[in-house]
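The structure appears below as structure tokens.
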Amino acid sequence: MTRYAARLGEPRWLRAGLILVALAFLAAFLVLPLGVVFVEALRDGWRAYLASLTDPEARSAIRLTCLTAALVVPANAVFGLAAAWAVAKFSFRGKGVLVTLIDLPLAVSPVIAGLVMVLLFGRHGWLGPWLSAHHVKIIFAVPGIVAATAFVTFPFVARELIPLMEEQGTDEEQAALSLGASGWQTFRRVTLPNVRWALLYGLILTNARAMGEFGAVSVVSGHIRGRTDTLPLHVEILYNEYQFAAAFAAASLLSLLALVTLVLKAVVERRAARSRRESGALHPLLAKEGAEGGPLAPARVAEGAGPGTPRMSTHQSRDPRSGSGPGEAAD
Amino acid sequence: MSTRLRRPGVLPGFGLTMGFTLLYLGLVVLLPLGCLAARAMALDWAGFVRTVTDPRVVASYRLTFGAALAAAGINALFGFVVAWVLVRYRFPGRAAVDALVDLPFALPTAVSGIALTALYAPNGLLGSRLAALGIKSAFSPLGVVIALTFIGLPFVVRTLQPALEELDPELEEAAASLGAGRVAVVARVLVPPLLPALLTGFSLAFARALGEYGSVIFIAGNLPMKTEITSLLIITKLEQFDYAGATALAVVMLAAALGLLVVVNGLQAWAARRYRGGGL
Amino acid sequence: MARLTRTAGLMLLVAVAGCATRTPAPAPTPAATAPAPTAPVKLLNASYDPTRELYRDVNAAFAAKWQAEHGQSVTIEQSHGGSGKQARAVIDGLEADVVTLALAYDIDAIAKQSGLIDPGWQTRLPDRSAPYTSTIVFLVRKGNPKGIHDWGDLVEDGVQVITPNPKTSGGARWNYLAAWGYALKRELGGLSKLKDPAAALAVKAAEAKAAEFLEQLYRNVPVLDSGARGSTTTFVQRGLGDVLLAWENEAYLVLREAGGDQVELVAPPTSILAEPPVAVVDRVVDQKGTRAVARAYLQFLYSPEGQKLAAKHGYRPRHPEQAAPADVARFAKLKLFSLADLGLTWAEAQERHFADGGLFDRIYQPR
């Protein structure tokens, strides 16, 4: 890339100018807001910062946030794997509709996600009377928060896996089956290793989103302090209590989480790229000459990259020609 | 369910995985959204129309769609520059910048909201400078655009990056060797194949911006008719115990979201056709 | 397919079991009936935004008192938010034992929309179920550079007024009605004419003028936050606007937190008597068996100790003699008119002013 860019690219001044424009834009929109969070958080010093994070209500909010993620992430991961297997490895009528439906929560406002939970589980909702008659609490309790979060983070794992598994096709699985492996063994030994980086990537995204969701959770939480406040809601509460330093302290915790997410993501991408290079050695049993699926697969993670791309990568993989393009070019 | 396997009967687990997929999809997504649709059916038509065409509601559509469009436009322009710089140039810290692009996605919206407000408020770091120039950023429609730009940035950059990487350098070289100037090369050779990706990124950023709530409410100022987004109106109606009104607005937004998804899918089909069509 | 159905059924079961927390079956009514209940009890108080500090103190004091008198430990959990939002949450199933909201309309809404509170709730406790009152005052920038002293000054050109959205905020409705009352009073020379049938024409004219006044006032509002706390943040932290219309107790809190070097309090000569009411949520306490302790909790607000705490946090106590004199002394002497003085009930105020298509909406129509 650098090779031809140097030979054919823009003049030096233009290149520097473009880099500057890009960096200035990112600084104004990404770096400064992030910096503000930490500056404001530490305004009253480290001691106050730590105190506001170890306060019982903050601890309970952290606990609830982790609990929510711990319930939602595995559930959506299992769903993502099942959906990707069904969608990618088989063809059936209505696949397009199913994929669009899986995408839907991405485009739905979190507020609407909260509203539908109220319409469904609220006292006057569809299931409300039945639930209250059986003393089952969903809304304004942890299950409601989990349900709203599951809705909002629903597609992430599936959207990472479907394009990749479509691209990989079914050859390796069929080979394993013909060698006498059971269905489960095939899934565990062949499919899962092939998609592990995409899966991990999906998990990271789901987790980040689950821990940070605000709009939907705000509608269904009830804001009971120390009980149904998640960390983002705790930020809002502190903010409304004039405890700005404490609010930004809690926010800084979430920002740290975001940064860790970014680092993990970078690591996953790097690993994925490496495992692509080494993929020949990865499944000695199944390594086939000129195999399209295996070696290409992790490359997709590396390039498909960001959160916005799930559908984009779908299109690339739905059309095999376009899907294999970047992989070949990269090699 | 009429299923026709690609290679009948070879891979197991279709029933199990499809069953679970449909069950989970049904429980988590379709049941709640179906509930919304059913509630909307129960509204009387005249009341529904009156609710969704109320001047204040219409003003909120204008802001929501307008600001989302503007933000997506800004992102298309600057996102293109960012993606270009990240793919084509090497400079110190490039990897860190590349990773940082996903920040808006990883950062909780409430945190983005208070951070952006602190930054762009009239007494904030950037807001005070803009105010000195006579530009009101936070608590104005511009504030909404700022928040939505922040939210949508990764969508454009991340759809453009792979497309940029896919470009065949030989095309540029060929064009240049035929005597085309750099501008002509960019305009005629580079932009056309990138257009589908750019449009997809634009639509995704637009779709994401339409539904955004958490970051906007902090920075918008929430003036009826001026800086009130439709998502906030839904909450407002809910808090006035106007469930019918909230449902009606939610249905309109849901329809818009669904429409956009269809547009995105259409764009991608078009892009795939272009690619196959050998336009390159 | 049979296996699929079985698996699906199993997963559904797991999902439901995993997601649902069971509330304990109704416990026998403690305290009043049982002689020596020792099982700890939990109350949930759903309140509006500015009462956080007040109820933090009240809850601690009441828990100590209840423990001493009944040997039962009681924990009071708090939920805070905009008044309307809290009412909506209770209607939708937030199991609050007591609600302590900004205005009677929101408790009426719970009673009417869900039947969780009996209709006659407002007569069950003294003083229309409002153990403390408040009013609406102005906060201005230090030194009062715009010279704001009365409601009339708010409509001057170049004065920026910060007040929340009356459609979502209880406090904002009091702000709005205070301005409305001021304008009516100015036009009519007194509020007594409102009830005089002979003055009907004059009242109509005055109401038209008052509507005009409100339109001018809200034209000066640059930011309409959804709650009182949001407005205070906008004014104090973001430095926006020349004057904040605030709850009196909220204004004291700002003076204490933000410091008196940035802002100062201006009490207009007249304002509204705001009565934030409290109520036991009947259906919830009956189900949970917490009626006695919930009722005692609300009655505690009327006790000398409760009144003292109210005054400490800037609420006007119903019995000033029971509060610390220093706390009472800081309340500005101003003429207060009540909602009834304006000839309104909350239902009427809602319908005429705040409902969709009401006066507030007409003020905000595009010109």
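Order of writing sets the chain letters: A, B and C. Residues in each chain are counted from 1.
Operating definition for what follows: a residue touches a chain if its C-beta (ideal position, glycine included) is under 8 Å from a C-beta of that chain, and two chains touch if they have at least 3 such contacts.
Bear in mind that the values here come from a model prediction, so they are computed numbers and not experimental data.
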Original post:
So that we know how the chains sit together, what is the shape of their touch graph: line, ring, star, complete or other?
Top reply: complete
Original post:
Where centres are the averaged C-alpha coordinates, which chain has the largest centre distance to chain B?
Top reply: C
Subject >> Separation of chain A from chain C, taking each centre as the mean of its C-alpha atoms, in whole Å >> reply: 40
**OP:** Could you tell me the distance, in whole angstrom, between the mean C-alpha positions of chain A and chain B?
**Re:** 16
Subject >> Distance between chain centroids, defined by C-alpha means - chain B, chain C (Å) >> reply: 38
Subject >> Sequence positions of chain C contacting 2 or more other chains >> reply: 91, 113, 237
Original post:
Which residues of chain A are in contact with two or more other chains?
Top reply: 118, 124-125, 147, 239
**OP:** Check each residue of chain B and list the ones that touch at least two other chains.
**Re:** 16, 20, 24, 235, 238
Subject >> chain C contact footprint on chain A (complex, rising order) >> reply: 71, 118, 121-125, 128, 132, 135-143, 146-147, 222-227, 237, 239-242, 244
**OP:** Provide the residue numbers of chain A that touch chain B in the complex, in ascending order.
**Re:** 1-2, 4-5, 7-10, 15, 18-19, 21-23, 25-26, 28-34, 36-37, 40, 75, 78-79, 81-83, 85-87, 89-93, 96, 98, 100-113, 115-120, 124-126, 147, 150-151, 154, 170, 173-174, 177, 183, 186-187, 205, 208-209, 211-215, 218-219, 231-233, 235-236, 239, 247-248, 251, 254-255, 257-259, 261-263, 265-266, 303-309, 311-316, 318-319, 321-322, 325-326, 329-330
Original post:
Mind pulling up the chain C residues that touch chain B in the complex?
Top reply: 1, 3-5, 7-8, 11-12, 15, 82, 84-85, 87-88, 91, 109, 113, 165, 167-168, 221-226, 234, 237-240, 354-356, 361, 364-366
**OP:** Going by the contact rule at the top, pick out the chain C residues touching chain A in the complex.
**Re:** 18-25, 44, 49, 52, 77-81, 89, 91-95, 113-114, 227, 229-230, 232-233, 236-237, 253-254, 257-258
Original post:
Which chain B residues qualify as touching chain A in the complex?
Top reply: 1-7, 10-14, 16-18, 20-21, 24-25, 28-33, 35-36, 39, 78, 81-82, 84-91, 95, 97-112, 114-116, 118-119, 125-126, 146, 149-150, 153-159, 161-162, 165-166, 168-169, 172-173, 176, 182, 197, 200-201, 204-205, 207-208, 210-214, 231, 234-235, 238, 243, 246-247, 250, 253-254, 257-258, 260-262, 264-265, 268-269, 271-272, 275-276
